[in-house]
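Please read the structure below before turning to the comments.
Letters A, B and C mark the chains in the order given here, with residues in each chain numbered from 1 onward.
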Amino acid sequence: MTAVLATKSLVRRFGGLTATNNVTFSLPVGARHALIGPNGAGKTTFVNLLSGVLAPTSGRVILDGKDVTAWPAENRARAGLSRTFQINQLFADFTPLETIGLALSEAHGEGAEFWRRVGTHRDVVDEAVSILERLDLGDVMEDRVGSLPYGKQRLLEIAIAVAPKPKVLLLDEPAAGVPEGEREQILDIIAALPEEMALVLIEHDMELVFRFARTISVLVGGALFVEGSASEVARDPRVRQVYLGETEIDHHFDKPGGAS
Amino acid sequence: MSTGRRTSQAMSWFANRARWRWPEIALWIAAYALVILFPSRALLFNEVAILALFAVSLDIVLGYAGIVSLGHGAFFGLGAYAAGLLAKAGAGVAPLSDPTLGLLFAALVCGFVGYITSFLVLRGADLTRLMVTLGVALIFAELANRMAWLTGGADGLQGVAPSKILGLFDFDLYGRNAYLYSLTVLFLLFVLARKIVQSPYGLSLRAIKGNALRARAIGIPVNRRLNAAYTLGAAYAGVAGALLAQTTSFVSLDVLEFHRSADVMLIVIFGGVGTLYGAIVGAAAYKAMYDILAAATPQYWQFWLGLALVLLVLFVRGGILGLVAEVRRRIAGHGK
Amino acid sequence: MLTILFDGLAYGMLLFVLAVGLSITLGLMNFINLAHGAFAMAGGYIAVVMMQRFGLSLFWGLPAAFVICAIVGAVLERTLYVRLYDKSHLEQVMFTIGLVFMSMAAVDYFMGASPQIVDVPKILDGNLELGFVSINKYRLFVIVFCALLTVVLQLGLSKTRFGSRLRAAVDDARVARGLGIDVTKIFALTFAFGSGLAGLGGALGAAIFSLDPQFPLKFMIYFLVVIAVGGTSTITGPFFASILLGVADVAGKYYTPEIGGHKIEIGGFVIYTIMVLVLIFRPQGLFGRAPGK
């Protein structure tokens, strides 16, 4: 299988601390991959290195066959790498309609057009509306983002990343902070994403991980600890050891429900 | 509801947001009517119009691109000298001394310099930007002072005599045509700016200002967009400076002084940042305040200005327009 | 040549005393106080009033300027500045420029717009003849005084408990808070002390540079240059930056090369250019440390 996103010996140090330690990683087209690990394992740092928010100390990042190590985040985004953030990063003064409209016009390369009014391209507006409806934001699309309830904001955080139809989508704890009743909805939305889109999920909730992931990487102390199919990882005694004491996770390792 | 209907609804929502509203139209009609109602104050109105354009230029940089500039006066002064020197070179004869050509020349010169300096400005964060913009402005002021052979130095640039506007209208002694000329330039550039901020490009500027991290993550080339905005703001400021040079037939080192940069920033904040109209309202309020307070105590008007700033920061978010919106919200809230 | 170096050194030392408080508070709270020069001006005028109205010597004016400015700084910090820390840089700039304008107009109202003439104490008047060179006594006093002050500051920062807490807070306010250091209190004290130093510098410098209501605006620019070049993480950075600036400024006024038949006074131009270049290529300052993170 061809890798749509890969890293070679990726290292990132903060002062004396090594947050990402020599990670070589490869993500095939259409992957359903989960990135797990105990707190402070360097998961978010790794995602920031992939998306270009941080520059690595050494090593390479390869996106769709191109070396993008030196590319800023915006270039990687235009090359088909999209992400959500653990803490919502939205435009508080926009409406969801403007937010998605903007993401789409940037993806279509129309973002620098200054001679026409926003919202005159029917196909773009149409696409924005259908994305918003698909993510259950149709009723609030003309409201101010900053005053939406948290669950809706979380959906918008996903919508804005999905809108440009990326090749790779990095989901950094998409259900973080979402009340129990609304988690299901987020999971359904992720499950309904196009098959060819490669997904990476960073998540603490093992139930979510095993329902979603076909493959799993375990990050410990910034380094790749174990990698393999969901069921392999679930059975791996070393992984159990890392998670020992975290009873809820233990429980899920005993019966890996959604693993295929 | 079908998606098709939703789309039409969404499109009309966009269209509605960009619509011209009656207070806007009334404002512009009133601005033109002023010259008929108070012909003797035309010179003052002319100053307000120029100040308003200068403030609009800073609002593009500050309110839309989010670049805190403490040296925007550099472009005002540069534009004034560019237009003044061109008019002088033409010796009062068209086409070289035509004011409209002078505006274009000032816009090009300032746009070019703005583009080059935008790379320096954008390298740093807020505090660094503040100091770089200030530093660039100081360099310009020093240069103008030292290059007396070109700028006239402390004596100012003498003999700036623009010819008739488009070969049709002369600048009269009472400033009537000067005001109409400045107001028309302000109006046209305002309409253009209004159009730009409502375009996809303008939306992307708002996005960058609102959350640069997210803006990058959806592929917005942040620096390139900001370069363009800074360039546009510089060109606008240059035109404002050019208007001053043409309508007063004089350019002095005063156009590059620090207080210009501080005043214009104050005006934009007074009026309301990132609204465009705030710049106009702020300029009018500033001049009115100056007229009243400076008439009472000419030396100490700075005190009241400072006090207004302090109170504004402490108690009012969003300047005068913010205050108006707040009052309207309160009234609407009571109505329910 | 030696005279220029000497005058420049005196000027630079003064600048350091004036600016060091601003540099530390900026590093500590990431708060830009453009009104710092107003405290310096206040110090200058306090000394002037004491000398002119009460006939006291400058030696009384110096401590008075320090104490009064420190108290005023502490009061303003607790009542007004404290409300601005969580506001944007833009609002901080506007607020402090507002204070600058108010202070300028107030001084103009009470003291008049013309520059103040300050008599130095008799004992420091005139020049010291050293055979090959004659040295202005007052400038020598300024250099010695500021040098001692700098040594005391450096020792205070490195040897005392307050100093080590202050350094920790500048380094990383969040971590310092986590360690149980009361950063707010440290900041208030530092702000007051820095304001006092600015007042002291203003009183000390009143006899050297012209003291008029335009002072805070004029020196705001110099302060920014000191910070831009010196960085905000240490006091040695601003110290060397001040000396450099002082010497360059004085030298720039003496040397006016002719280019194409026109006399060019390079002083200000060179300084502003240096500032912009430093900001662009070393945003943490010429002497500042590279950020650890």
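We adopt the following convention: contacts are C-beta pairs under 8 Å (C-beta built on N, C-alpha and C of every residue); 3 or more make two chains touch, one makes a residue touch a chain.
As the structure is a computational prediction, the values presented were derived from the model and not from experiment.
Averaging C-alpha coordinates per chain and comparing to subunit C, the farthest chain turns out to be A. Chain centroids computed from C-alpha atoms place B closest to the centre of all protein C-alpha atoms shown. Remark: subunit A and subunit C have CA centroids separated by 50 Å (rounded to whole angstrom).
Centroid to centroid, with C-alpha atoms defining each point, subunit B and subunit C lie 34 Å apart.
Computed centre separation for the pair subunit A/subunit B is 42 angstrom, with centres defined by C-alpha atoms.
Of all residues in subunit B, none touches two or more other chains. Here subunit B touches subunit C in the complex through residues 62, 68, 70, 120, 123-128, 130-132, 134-136, 138-139, 142-143, 146-149, 258, 262, 265-266, 269, 273, 299-310, 312-314, going by the rule given at the top. Partner subunit B is touched in their complex by these residues of subunit A: 51-53, 72-75, 77-78, 82-83, 85, 89-94, 97-98, 101-103, 105-107, 110-120, 122, 125-126, 128-130, 133, 138, 141-142, 160-161, 164. Every residue of subunit B that touches subunit A in the complex is listed here, in rising order: 3-4, 6-7, 10-11, 13-15, 18, 195-196, 198-204, 206-207, 210-211, 213-222, 224-225, 228. Of all residues in subunit C, only 26, 30, 32, 80, 83-84, 87, 89-91, 93-95, 97-106, 108-109, 113, 217, 221, 224-225, 227-228, 262, 264-265, 268-269, 272-273, 275-276, 279-280, 283 touch subunit B in the complex they form.
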